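Each of the two complexes below includes subunit A, the first together with subunit B, the second together with subunit C.
And then the complex of A and B:
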């Protein structure tokens, strides 16, 4: 360490020793570490009471700092945020994983003493609210008394039931003190390579419960005086297959947190602690008002309703850890968005089906954080992103559903699978509002299902135990917008700054050489505006032993449905080749597969001999792979918007040349007829040759398609009658579908009433299930709750069942419209927007 | 009007409810004064939600270990308290509120005088007047 760094470290130690002394003296005087001698729990309780009573954060009525000197307010806030971004950009270079260094799967937040985020860095900002929950958990479970919260302490958490999405996101939290008072928390989180789960990788898929998810660290103190405990240093490296990477990840997070601590201390020395406190409170209230104002300006009051589904198929899979987990699941997410006259924003998942013996279950922190990050990319276009948005929203998450298991037996390793799929209708809710208010440039058909996840591990090319977790999934196609096509292979909804990462960076840490990487045609949803295309990487395996790989993603089902007549993005599939002749092909200089651009062409199979597995599913449990086996990593596209028949034919030709659409798909999906005019020209790897539009043939084909549509169309009433017959008879319905709806009906009496009423079913209607499906449902419903929180926060009541009546009134009945003052209800402030905070 | 509620135990939610519900008016200022016998009022605030349920403004303060009653009185003078409310923690066999040492010390303190009212869960000293310090 050079002298400058040594001096800084010494100064930090002295500061911590001094602060600790003040805190301990205060404690002897019965004073807590909160403001003005309050304990943290008192401070949180008071904050929640005042916030709810006034509908303003902390009861703040005037943004006086902002009002008195708006430029200074913006400067101060921007400085905080810039320092957070700087902490991220600097500290990520400490990490050795491409997950952090390439993909930027890292973020930082600055929090109030009560755990509300004041400002966030760029990156995986979903965690701004998850870290918030983790801090509140520590407060409400009296960590101030034991193990104590003191200057220089270091805490870790990765427990979704406390505050996280899934256990591979490890967070570090450091309290920041000033003169014996806790003035803020610095928090950092990143996605690690391996959690020590039953299967190698960060998001194991084959476990039935939490006990196979990997190591859980439930809001633990792991150090003091900014030094990690020896017990911690000895414990966690042994709980992962990749200890060196996790050690560097931890140093990354601590580096960033210390940079944030320095920033806060510096700001306090310049502007004084009272101004800092005021800034932290006002920034959150400012953001809360901004969110509501934005809702009032861009949406219409009322109830927006939709539903989404995604598959998780385990029946017949090998390596499932429990026999009772050998079953298929379909996630059902009835989704309602209630926009009230005051601009309040309520999301309800009433009718969501039961959690399952799979790792895709969610906790409220995951759902709220997840939806929150989506809102920051849709509703909040500015940098004032903090927990103000959280305070502007309510979430009704039925206890016992996949969205809120309240059961610490459930597995959560890849909660995103259900989470990302479940919020697909939210894009549509918002887009419908935007459309109605004329904000057409804001309309988006929805994000891609963020898969596939290439994961696995074993003995790597350096003869070491290792695990891999390709984060190419941080680069998916984006949904089509109303005014332009979706961006191809651009980002992931959970990380708006995602990237596919350099091939060389992945190859340094993964014994999986790339044979090719290319745009994947036909993956973006067709539409007047096309969904952004996904991409694919063809990988082989080299210099490994006892190596496992597996897939994770949507298979038969598309979780996003397309918008305004646009088509969904393509669903997933699995392609592997084992026991191949790839080595011989290399030696002989022969052709070999570098892609699988057209899965139906037979091109892949024609270039390799071996045992080829091609399945229309998205999830597989770990399978053994040897050298020269092959694995396709296919990253999904975004959904389309508008009728594909309305897409300009010339644009479809451009799509062909850009590799987004195959010529045969142009005809099938867009009714665009093209002709190859030159074999030689090469625009990209997907299509060889030059293509031209046949305008006359296209016109004829489109007219023919429209005629076919008219001929095939039927009145909705007839269609409903047909579907009603299917439901009543149970014929032509697979057991998985019946189990899904039966589960939702058992979960929710209101949903059950709605379902029976909508389909005109008898009052005692239920689906007839197979004995296995019945047993599985009974088993899970009988399991009950095992909640983690003893003392909930006030805001948890929006998803807690309060005296048998959910706090947020769901509207699968006719209540929703009646909740508005009158059918012509609008926002009080009119078109000008928010009038009264 | 300003009211001090002395909190000796986190179990004094009935006292708080009685005072907030039937003694004070909405928009009054309340001081929850935590005595050294209780470390944290968080659970009590979470249980009673004074602003949501009763519409009162409030602050939480504490008295240090080994405090003297005169410090409490000084605090009352400082905030201009019109009332001091003390929870009834014990009753006699006949059901009368037992006046504990703290309550007695406040009642007998030579700088403070007021009306003495006994409720179901709280003893209230109201219409407070303060003598100047000798």
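And then the complex of A and C:
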């Protein structure tokens, strides 16, 4: 350590020793670490009381700091925000995983003593709210008494039931004190490579319960005086297959948190602690008001509805940890948004089906964090992003559903599979509002199902136990905008700064050389505006032993829908080759597959001999791979917008040359006639050949298609009659679909009534299920609740059906807007009549 | 940051004539307070019928005023669907893609939903046959009514303007 760093470290130690001394003296006088001698729990309760009584965060009526000197207010807030971004940019260089260093799967937040985020860095900001819950968990479970919260302490959490999306996101939390009072928390989180789950990788897919998810560290103190305990240093490295990477990840997070601590201490010394406290509170209330105001300025009041689905198929796959988990799952996410006169924003998942024996279940912290990150990127496109937006929204997450299991037995390793899929309709709710208000530049059809996840592990090229978790999935096609096509291979919704990462960086840490990386045609949904294309990487395996790989993503279902006549993005599939002749092909200088641009072409199979597996599913449990085996990593596209027949024909020709659309689909999907005029021409894509538009033939074909539409389509009323018979007989619906409906109907009486009313079914209608499906449902419905929190916060009213959960109207029946009651959200309830945003 | 864009810019937005840099600036800027009215007025000029547009409802669809208190959903081709708070899809034409062959017209093999698990419902305007919405749902799912605008609250509480009526339009 150089002298400057040494001096800084010494200064920090002296400061910690001094602060600790003050805190301990206070404690002897029965003074807590909260403000004015309150305990932290008292302080949180008081904040909740004031917030609920006034419908304003912490009861703040005037943003006095902002009103008195708006420029200074903005400067101070920008300083905090800039220091958080700086902490992220600097500390990510400490990490050795491309997940953090290349993809930026890291973020920081600054929190009030009560755990509300004040400011956030860039990166995976979903965790700003999950860290918030983790802090509140510590407060409400009396951590101040034991294990005590003192200056210099370091805490860790990755428990989704406390505050996380899934356990591979490890968070570090450091309290910041001033003169014996807790003034803030610094928190950092990053996605680690391996959590010690039943399968190698960060998001194992084959476990039935959380006991296969890997290590859970439930809001634990792991150090004091800014030093990690030896017990911790010995414990967690042994619980992962990648200890060196996790150690560096932890140093990354601690580095960033210390930078944030320095920033806060510096600001307090410049502006005084009272101004800092005021800034903390006002920034949250400012953001809450900003959210409400933005809703009123850009949305239309009313009710928005949608539903999304995603598949998780396990039937017949080996390697699931329990026989009773050998079944198929479908996630059903009905999504209902109420925007009220006062700008209140209430999201309900009433009708969601039961959780399952799979690792895609969600906790409320995950759902709320996930929706929060989406809203803050769309509704609040500025840097004033914090828990104010969370306070401006209500969520209804049915207890016992996949969205809120309230059961510590459920697995959560890849909660994102359901979470990303479930918020697909939310994009469309907002887009419909933007359309009606004329803000067409903001309209977005949706996003990609953020997969495939290439994961696995074994003995690597350095003869060490290792695990891999390719984060190329941080780069997917984006849904089409109203005003432009979706961005191809751009980002993932959970990481706006995501990237595919350099091939060389991945190859340094994964024994999986790249054979090719190309844009993947027809992955983006068709439309007047096309969904952004995904891409694919062809990987092989080299110098490994007992090496496992598996796939994770959607296969039988598209989770994101198109908008205004656009089509959903393509779904996934699996392509592997084993026992190949790749080595011989290398030695002989022969062709080998570098892509799978068109799965129907036979091109892949023509360039490799071996055991080729093509499956239309998205998920596989771990399979053993040897040297020169092959694995396709296919990253999805975004959904389309608008009638594809309205796409300019010239653009479709460009799509072909850019590798976004296969030539045969120009005709099928877009009614555009093209002719190949050159076999040899190269473009800036994997496409070889030149195509020209036949304008006259295109015009004729489009006219013909319009006639076909008229001939082939039928009135909806007619179709509904046919469908009603289909539902009643249940004959051509498969067991997996019927099981999903039954699950939702058992979960939700309102959904059940809606479903029966819609199809005019008898009051006692139910689907006839196979014995296995019935057993599976009974098994899960009989399991009951095993909640994690003993002492909930006021904002948890929707977490566990506590008695005063705000009324959430169910309005899936038609013409229900007249029946909407007065605003009854948890925050801006009608009690005070406050409606000024 | 414009408080209000000139009408020509909004016309270009509606007519799809803005450059990417202009759109990008529009996304980054604070939102202009009179956008709704400007877009509504430009759209009114673009349609071939006289019913006053109350709100743009979805691409090609509008809620229009038929009287002081009756609003219907109407396509820009002139086809009228239903009352503004009913589901226009019930008055549409439908084609359902629920076979492998139908999926292969849009997606390559293995890259489309499995017909047993998901179907694509294509809803067309009975008038102009434009594809207005595609929904991807499990077979047997009820028809989703995506949007019920609260027009009275919007005009009365949010923008404080009278709701257009045929009378105000002709005046």
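Everything below uses one rule, namely that the second predicted complex is superposed on the first by the 800 of 837 C-alpha atoms of A that agree within 3 Å, B and C clash if a C-alpha of one lies under 4 Å from a C-alpha of the other, contacts with A are read in each partner's own complex, and residues count from 1 in each chain.
Simple rule for what comes next: a residue touches a chain if its C-beta (ideal position, glycine included) is under 8 Å from a C-beta of that chain, and two chains touch if they have at least 3 such contacts.
The model shown is predicted, which means the values in this text are computed figures rather than measured ones.
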Touching partner for A:599 - first (subunit B), second (subunit C), both, neither: second
Subunit B versus subunit C as contact partner of A:781, first or second or both or neither: neither
Partner chain(s) touched by A:586 [first = subunit B, second = subunit C, both, neither]: neither
First (subunit B), second (subunit C), both or neither touched by A:31: first
Subunit B versus subunit C, judged by how many residues of subunit A each one touches: C
First (subunit B), second (subunit C), both or neither touched by A:52: first
Partner chain in contact with A:42 - subunit B first, subunit C second, else both or neither: first
First (subunit B), second (subunit C), both or neither touched by A:324: neither
Overlap of subunit C and subunit B interfaces on subunit A (superposed complexes): none
Complex contacts: residues of subunit C adjacent to subunit A: 10, 13-14, 16, 18, 20, 23, 26-28, 31, 33, 35-36, 38-40, 55-60, 83, 85-87, 89-96, 104-114, 116-118, 120, 122-124, 126, 129-150, 153-154, 157-158
Subunit B residues within the subunit A interface of the complex: 34, 36, 39-43, 45-46, 49-52, 55, 58-65
Residues on subunit A engaged by subunit C in the complex (per definition of touch): 294, 296-298, 300-307, 309, 311, 330, 332, 339-341, 381, 428, 432, 435-442, 482-484, 521-523, 526, 555-558, 561-568, 570-573, 598-600, 614-616, 641-646, 662, 665, 668-669, 706, 709-710, 712-717, 719-720, 723, 726-727, 732-734, 736-737, 740-741, 754-755, 758-759, 811-812, 814-818, 820
Subunit B-facing residues of subunit A, complex: 28-32, 36-42, 44-46, 48-50, 52-54, 59, 139-140, 142, 144-145, 791, 794
